[in-house]
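A, B and C label the chains in the order they appear, each numbered from 1.
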Amino acid sequence: MTVPVLEVKGLNRAFGALPVTRNVDLALEKGARRALIGPNGAGKTTLVNLITGALKPSSGRVLLDGEDITALSQAERARRGLARTFQINTLFRGLTVLENICMTIGERDGECNNLWRAAGAKRSVIDEALDYLDALRLTDDALKLVRELPYGRQRLVEIAVALAQRPRVLLLDEPAAGVPSSETHLILDVVASLDPDIAILIIEHDMEVVFRFARQITVLVAGAVFTEGTPEEIMANADVRAVYLGEAIPGGGRHD
Amino acid sequence: MPHIVSIAVSILFDGLAYAMFLFITSVGLSVTMGLMNFVNLAHGAFAMAGGYIVVTLTRSSGVDFVPALIIAAVTVGAASVPFERYLYRRLYKATDLEQVLLTIGLAFMAIAVFTYFYGPIPKSVPLPRWLQGDVNLGFRAFPSYRAFLIVLGAALIAVLWYAFERTNIGAKIRAAVDNRRMAESVGINVDRLFTLTFALGSALAALGGGLAIQLFGLTPSFAVIYLVLFLIVVAVGGLGSLKGTLLAALILGVFDTAGKYLLADAGGFFIYAVTVLVLLVKPAGFYGRE
Amino acid sequence: MDASETQAVLSARSAARARAADYLARRHRFRWPECLPWLLAIAAFFLLPDRMTFGAQVLIMVMFALSLDLILGYAGIVTLGHAAFFGVGAYTVGLLIARLGYTEPISSLCAAAMVAALIGFGTGWFLLRYRGLTLLMLTLATAIMLQETGNLRSDISGGYDGLPGLTIAPLFGIFQYDLYGHVNYLYVLGVLGLIFFFVRRIVYSPFGQALTGIRENVRRMHAIGSPVHRRLVTVYTIAAAIAGVAGALFTQTNAYVTLAVFDFDVSAKVMVMLILGGTGRLYGAFAGAVVYMVLEDYFSKMSPTFWQFGIGLLLVLTVLFAPRGILGLIEGASGRAARRAGP
């Protein structure tokens, strides 16, 4: 049996009196394609924040390659190959797309410790950055400021930045959120064609996408893992259908 | 009375009076900063303006001290509304830096204007007879003016506490400080609420400015010198918290007084050391949200 | 896909790559207008020989504002206590002369830079985890506590009367500081040139880019693995050292120093200069400091009150109408003119 790349054990977190993550266990194998679904407010984003270290859990552990990283900072986790995208774009809006990617590569390689050499002088960095942009069909936007791009293209930059971290685990928080439905297919195509070695956890509301992309699905309700299984098992699960039909579950989340 | 107890009583009494001044002047700043996240470095200028109104009314127009205080508070409160409406409002979503610069700019302009009309020499205020001299509390005599400050401060605390915790408007303010978006989504008009609290806070600052004259004398640079103290009270207490502001005012008031009594030279050092310690342990202040 | 199509795709790709590389290289390439401030500074030496002390003071403020630009303009750290480091530098030199009789100018500058850097590192390491009001208060408190410390030991610092009548040994052991400040002006200009070269390298380095990233979006920086705190402490320490050098030059130029160097006014003044010139653009410090100092020299002689009002008004107007400062206005205007002239 292989050690999962990412493992979450007994994670808990509350905001004030409100428990938002409750005793969550989760494991991603190498190359995993797992979807995390659940109603709005179920605590999906919070779980991503706990895994990446943006938030501290009140109890529980996060392991990367079997090594406990719970005490590490967000940045240290990122440097070990844990990348995420944000539900709401979180980019350097005043910089160009290319600079967004080069910055990420620079931090990944420790280039940014250099105070003396001129930034952008390394051809290999530029080439690598453009490889990501080519792959996401962003080449023509490389020299535009992020804030000048339409929201849908900014979503692609989010993914490009995460890829430039060369992650082993990638957490995608609603990558197509806020994008007109006519453009979502582009983003989802990109997600579907990502490197098969990367373990991916995707949060997504569109069930069609989830069932097409995911090999495993975890259902989160009111901060706790409600059930998990293959798409077929989840589809056949009457309780899950109940959640998505909006029927009340004891202590359950709400639909927005 | 043994010497040491006598000194302790003096420190407590003076510290309490000082704390009341700090509380009255800072509480408006705390609530507005908590509500809008707006760094208002012109708050001290409103206090200074209040002080000069009191000086003018008592010296030139023969108005008594207490009515002058009330007129100053009402005038400054009303005058602050256009500032909020037409200047501050434009920068609620701006960065800390822009807010700092705009309000420092306003403070500088205010200092210049008041220096032009009143000059840089410290002004004093004529007090009514009942505020001069000492009151005897049986075991000891205390300066009447400081006793007045303590009583007035306590009364204002009671009123503010009631307004904050027991009235409809108070509940709205607390809700908006807690979570602005949530408050708006349940139909609270946060903009109007802010204008109101801003005016009230400025009025209290003006009152504080009037009360400060007798304690420190009044010069135009009051607007900046004491501003630092008000900001410290707000930061240490935690933005938007009445309780926090009071606690911070008490601690800083008493510590500062004690520092000045016991270690005359190091006195100024004390209050900043306390501030740094508190903020290093509790970055959002006593009752602020982390 | 046939061979010629593949060829076309490949050449389009390499063209895009060349464009990108060129774009990134262009940012830090030397531009001719950059000579302008230096030529003006040298011209001032020949044209205004009797204003050299004032000239040195302007250059010192340029250096001070430049140090603030590193942390405020590039890294986005809002501080109300930058005078702390200026003051530490000023007092290092002052105390070396007055208490230890050490008067050699250049090694004194280095000492000032080191002491200021040390204090910048120590305070920065504590403070730079915080943001907003808490950071504002802590930076402010740092400067005031240093001032109060000086006040407490006025037997050493000279208190608010300061250390008057400081004399400095000849520069390089040869050039005597003259009464008109000619040697001193060139000395300050030389140090400024050196420091500017250094700051310019930093700003265009990958480290400088990371600072911009922190200013633009700190959450993203954490997410891509940037050691944000370490970066901030590094730049804060460097800025402190530069501010310390500016303070040291201030003491050497004026031959005295008082505790007023730690005043809130000093922190506010340098911030106003930088904002006036424009933040995050290197030459903003030049434009802002020169304009501020010249206006102040002119108006404050006329009426200090009027000057204070003017500064306040200038700040308000800058925030409301020219948030990118004088240089921003110039760039905007020349951009518009170019567009009108162009196709």
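Methods note: a residue touches a chain if its C-beta (ideal position, glycine included) is under 8 Å from a C-beta of that chain, and two chains touch if they have at least 3 such contacts.
Because the structure is a prediction, the values reported are computed rather than measured.
The most central chain, judged by the distance from its Cα centroid to the centroid of all protein Cα atoms shown, is C. Ranked by distance of CA centroids from subunit C, the top chain is A. Separating the CA-averaged centres of subunit A and subunit C is a span of 40 Å.
In whole angstrom, the spacing between the mean C-alpha positions of subunit A and subunit B is 47.
Work out the mean CA point of subunit B and of subunit C, and you get 34 Å between them.
On the subunit B side of its complex with subunit C, the touching residues are 33, 37, 39, 87, 90-91, 94-98, 100-102, 104-113, 115-116, 224, 228, 231-232, 234-235, 239, 265-266, 268-269, 272-273, 275-276, 279-280, 283-285.
Looking at the complex, you find that subunit A touches subunit C at residues 52, 54, 73-79, 83-84, 86, 90-96, 98-99, 102-104, 106-108, 111-121, 123, 126-127, 129-130, 134, 139, 142-143, 161, 164-165. Considering their complex, residues 13, 16-17, 19-21, 23-25, 27-28, 201-202, 204-210, 212-213, 216-217, 219-228, 231, 234 of subunit C touch subunit A.
Residues 72, 78, 80, 126, 129-130, 132-134, 136-138, 140-141, 144-145, 148-149, 151-152, 264, 268, 271-272, 275, 305-306, 308-309, 311-316, 318-320, 323 of subunit C are the ones that touch subunit B when the two sit in their complex.
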